[in-house]
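Shared between the two complexes below is chain A, which pairs with chain B and chain C, respectively.
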Partner chain A sequence: MSDLQIASVTKHFGETSVLKGVTLDVKDGEFISLVGPSGCGKSTLLRIIAGLETPTSGNIAIGGINVTQLRAADRNLSMVFQSYALYPHLTVAENIAVPLQMRQMSALQRLPVLGSIVPGARTQKDDIAQAVRHAAEMLEIAALLDRKPGQLSGGQRQRVALGRALVRDPAAFLLDEPLSNLDAKLRVQTRAEIAELHRRLKATFIYVTHDQVEAMTMSDRIAVMMGGEILQCAAPDVIYEDPDDIRVAEFIGSPKINILPVERNGTALTVFDQVLNSRLSIDSPKVMQMGLRPEALQLTQSAPRLTGRVVHLENLGSEVFAQIALDSDGSRVTLRAMPEQRQNLGLGAPVGLSFDLNAAMIFDAGGARLRQVELAATRAAEVA
Partner chain B sequence: MVAIDPSLAADVTKPKADNRQARTGWGLAAPALILMFLILLVPIIAAGVLSFTNYSLGNPSFDWVGLQNYERLFTRSTYEKMYVATFTYVVTVVPISVGLGLGAALLVHSLGRIGDIYKTIYFLPVMATLLAMAIAWEFMLHPTIGMVNRTLEMACGTWFEVIPFFADGCAEGFPLWLGDRDYAIWVVCFIGIWQGFGFNMVLFLAGLTSVHRELYHAAEMDGARSGWERFRLVTWPALGPTTVFVVTISCIRAFQVFDTIEAFWPQGGGPNKSAYVMMFAIFEKGIQQNLIGIGSAITMLFLLFVMFLTLIQRWLVERKVHY
Partner chain C sequence: MTRDWWKHMVLILGTIIVLAPFYMMVSYSFKSPGEIDRGEGGFFGRQEMMIDPRCVALRQPDRADIEAARARFAGQDDASVQASLLAETEADCSMRPVVFNYSKAFTEAPLVRYLLNGVIVTVSIFLIQIVVALPAAYALAKLKFWGRDAVFGLVLFCLLIPVHAIALPLYIGLAKLGLTNTYAALVVPWTISVFGIFLMRQFFMTVPDDLIDAARMDGMSELAIVWRVMLPTAIPALLAFAIFSVVAHWNDYFWPRIVVTGNRDLFTPPLGLREFKGDGDGSFFGPMMATATVIVTPLIVAFLLAQRRFIEGITLSGMK
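Let's look at the complex of A and B:
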């Protein structure tokens, strides 16, 4: 177990640049998720950490030692692949034993028949069998040890792949979308199990996923990647509540955050020509965007800031998501309502919405967060 | 009491419907079954029956000779030479052409676009008819004016003569190749390998494309440092089914070798019958000498070998290499 530093790593495939200078420090025992849409470079970054790809520039250090030039087999990392990549001709036990055999036994000892005559092979084999049994028991797959991967279900294969990763004591675990081939129910269950495994092993985990729910539920920190860069790396609640970039705000959170166009008229902050407050400094930009989470919007009858009509309803039982087409420009916003408010949300019903300016996030036209503007706006609101 | 139990009524009509359906089914399958029987099975059965006779084509009748034909196959020295030649060929050509095919496939597979050029070149001998190529080889291997011996003669007078083969060759002349009973079968083997390994390479290449790339990455992560370890852990097991198939096909092709022998020695299967392979024996006895009985007996023996090989293949595929 050790910490891991990624220092301004870039990667080009011919003309296309997949990683544009990624820097990330992972602390010992931390669970970090690399999350982002497909093609953002998160898998490439993981493979560079693993040593399966070489970076065009930049460095990778594990436990303070630069491993950039070291090959994957010598980096002492374990990886769980999306396809699990189990050896189809080996039984579960043999699959899990492979990393130990490859590292602990000499080439001579691994020979099929002769190997068992080589001195020390017997005890080595017993030790490995012991370790395999231990790993299998931890993952509750001890009953499957004699089967071949072809006879296992997706979830079982996934566990075997995990077993193969944790049977030795690696510096860090790298997981490449390990849950994406599982069905929804199993995914939820395995999610919890992996998080628990992390707590138990206290090992460094780097987890690649495109699923923000997995990232939110399991990680200590989330690194949101887009277009070959890390936009923000922070704890899940910070990523959700206090994103640095509009792309982070849009990517994290389901349903998606509502984005409304806001403008500065003189010192006034306006949305659809309605003044929200008038204490902005003159040097803040004229055109801005405001992000409002669905739960930041409230139904209101008196003096609504926004009005519109319900166009779509999603009742999840514990909560209701309503899509509302705004009267002002026809754009849609999503509102989270409580089930008891459902009677007010018939399809086509006119609704009024209000929101607390404290919950609003303001971004500039390019998507960068404008905390100064927010601060001015909320202070003004309080005074008002 | 008027109502009839519907299940009873159904019981009466159902067998009739079943019968009709079965009859239609047989009727529809009949042409295929008859053709299969006539075209595929009857000739083999006929050969089997004829192998117990002394029939010759054109004779009005024949006598049953029992196992006499088979007895000859196992007693006469000609047939002993046939077995020696056939098995020498099979045992030499199969492992070497499979090994070379695998090696070439691995090398070509590791290349990018240049691989296609290699693929084409290695496959050329497969595409060229062996009969035509045999004529080219015959010229090259001609003892006095052939390219091979002339090239070897160039080594005379140089340090190559340290090697006994060259020393002898320069002193007493290089081998006659096709005319030398010690070399004839090996030349045939060489041409068989030269011609066959490209085909095996193509089969192995097809097998290699099905190996999951992530398995190599997994092997690397698991600590397989050398190419050999990755080959042992990933490639070789993944190629198991392909290998069994390639070996079987190569064996059958090797048992069937005929055209080279026929092109080189139309009159007798090599010097002192040293290249008298089974297929040539069938041809010589059954067609040239019109001894249908003995020809059929060799054919049956040949079928037995091939059948045996196929059974081994099936057993291996089901037991050992199928995951």
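Let's look at the complex of A and C:
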């Protein structure tokens, strides 16, 4: 176990640049998720950490030692693949034993028949069998040890792949979308199990996923990647509540955050010509965007800041999501409401919406967060 | 009768054309020389007792034999003793044609030795071909290196070179090295099989990259990946290749005929057939066909046993 530094790593495939200078420090024992839409470079970054790809420039260090030029086998990392990648000709026990055999036994001891008469081979074999059984019991697959991967279900194969990764004591675990081939129910269950495994092993986990729910529920920190860069790397609640970039705000959160256009007229902050407050400094930009999470919007009858009509309703039982087409420009916003408010949300019903300016996030036209403007706006609100 | 009857007719006709020589071979191996010459006796021949003329010729009773046998035929003159002895010899030398043919096949020439040579040569060729082809195919299918496509192009190009075109330079090279009339001469020229490299490369293309990456993460070197991961997954393709390779070299007449001159200890089974080639005293078709039957039987049996996996390997659907 040791910490891991990724220093300004870039990767080009021919003309296309997949990673544009990624820097990330992972602390010992941390569970970090690399999350982003497909094609954002997260898998490439993981493969570079693993040593399966070489970076075009930049360095990878594990425990303070530069491993950029080291091949994958020498980096002491374990990886779980999306397709599980089990050896089809070996039984479950043999699959799990492979990393130990390759690392602990000499080439002579690994020979098919001769190996067993080499001195020390017997005790080595017993030790490995012991370790395999221990890993299998931890993952509750001890009953499957004699089967071939072809006879296992997806979830069982996934456990075997995990077992193969954790049978030895690697510097870090790398997981490449390990849950994406499982069905929804199993995914939720395995998600909890992996998080629990992390707490028990206290090992460094680097987890690649495109599923923000997996990232939010399991990680100590989330690194949101887009277009070959890490946009923000922070704890899940920070990523959700205080995103640095509008792309992060839009990627994390389901349903998606509502984005409304806002403008500065003189010192006034306006949305659809309605003044929200008038204490902005005049050097803030004229055109801005405001992000409002669905739960930041409230139904109101008196003096609504926004008005619209319900166009779509999703009832999840514990909560209701309503899509509302705004009267001002026809754009849609999503509102999270309590089930008891459902009678006010019939399809086509006119509704008024209000929100607390404290919960609003302001971004510039390019998408960068404008905390100064927010600060000024909320201070103004308090004064008023 | 379906509308496809003509397709079946064509296929049946094709089958007959292919099987006819085998039918003749097996049938001749059962018949007596007279039946073969006259073309009678059906498939099995009549299996009447026949006398082996060479056996009789070799055991003509001489003076000493007659003297030794006089006690048994008391009171007879020399001529009748000789006649009785001749009758005994003929009785000893008479046998069923099928027994005659197959016993001749094994006694006239050291056929077992030839079969053993065939096994040694084909197995050595196949094993060395695998040792060469698997790493090469792995590199061509899964490793990225400068000039890989050009190298693969060369492999394809080599598929186009007929063996006979390079036979002479190969022979001269082996002769200069003093290797003619050795097992090496029979084996070495075939150890690099471009067809094997091509076939295995095509198969390895279907092996998922993740499997190889997983092996790398597990601490395997590239060569360990070839032998511990790629080889076991490639068994169906290897079986297909084994059939091509073994059949080609078991049946090869051309190359052994060139590099094995005289030393009968190195003869491969097809060269053994020459033993029955008629020189002065007429051809021994019966024993010759018996030899041929013995030579092809192992191949046919092996093919029937491996048939299903063989076809799997050719269609490259062994994985997943």
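Quick note on the criterion: the second predicted complex is superposed on the first by the 384 of 384 C-alpha atoms of A that agree within 3 Å, B and C clash if a C-alpha of one lies under 4 Å from a C-alpha of the other, contacts with A are read in each partner's own complex, and residues count from 1 in each chain.
The criterion applied here is as follows: a residue touches a chain if its C-beta (ideal position, glycine included) is under 8 Å from a C-beta of that chain, and two chains touch if they have at least 3 such contacts.
All values derive from a computational prediction rather than experimental measurement.
Novice: In the superposed model on chain A, is it clash or fit for chain B and chain C?
Specialist: clash
Novice: Using the superposition on chain A described above, determine whether A:Lys148 touches chain B (first), chain C (second), both, or neither.
Specialist: The answer is first: A:Lys148 touches chain B but not chain C.
Novice: Is A:His89 in contact with chain B, with chain C, with both, or with neither (first, second, both, neither)?
Specialist: After superposing on A, A:His89 lies in contact with both chain B and chain C.
Novice: Mind working out whether A:Leu276 is in touch with chain B, chain C, both or neither, as first, second, both or neither?
Specialist: A:Leu276 sits against neither chain B nor chain C.
Novice: One more residue to check, A:Ile362. First (chain B), second (chain C), both or neither?
Specialist: It touches nothing on chain B or chain C.
Novice: Check whether A:Val18 is in contact with chain B, with chain C, with both or with neither, and answer first, second, both or neither.
Specialist: Once the two structures are laid over each other on A, A:Val18 reaches no partner at all.
Novice: Touch check for A:Ile194: first (chain B), second (chain C), both, or neither?
Specialist: neither
Novice: Following superposition on chain A, which residues of chain A contact chain B and also contact chain C?
Specialist: 47, 50-52, 71-73, 77-79, 81-83, 85-90, 98-99, 102-103, 164
Novice: Which bits of chain B are touching chain A when the two form their complex?
Specialist: These residues of chain B touch chain A: 212, 214-215, 217-225, 229, 233-234, 237-238, 240, 321, 323.
Novice: Write out the stretch or stretches of chain A touching chain B in their complex.
Specialist: Going through chain A, the ones touching chain B are 47, 50-52, 71-74, 77-79, 81-83, 85-90, 98-99, 102-103, 107, 148-150, 164.
Novice: For chain C, which residues are in contact with chain A within the complex?
Specialist: Answer in residue numbers: 208, 210-211, 213-221, 224, 229, 232-233, 319.
Novice: Which of the residues in chain A come into contact with chain C in the complex?
Specialist: Residues in contact with chain C: 47, 50-52, 71-73, 77-79, 81-90, 98-99, 102-103, 164.
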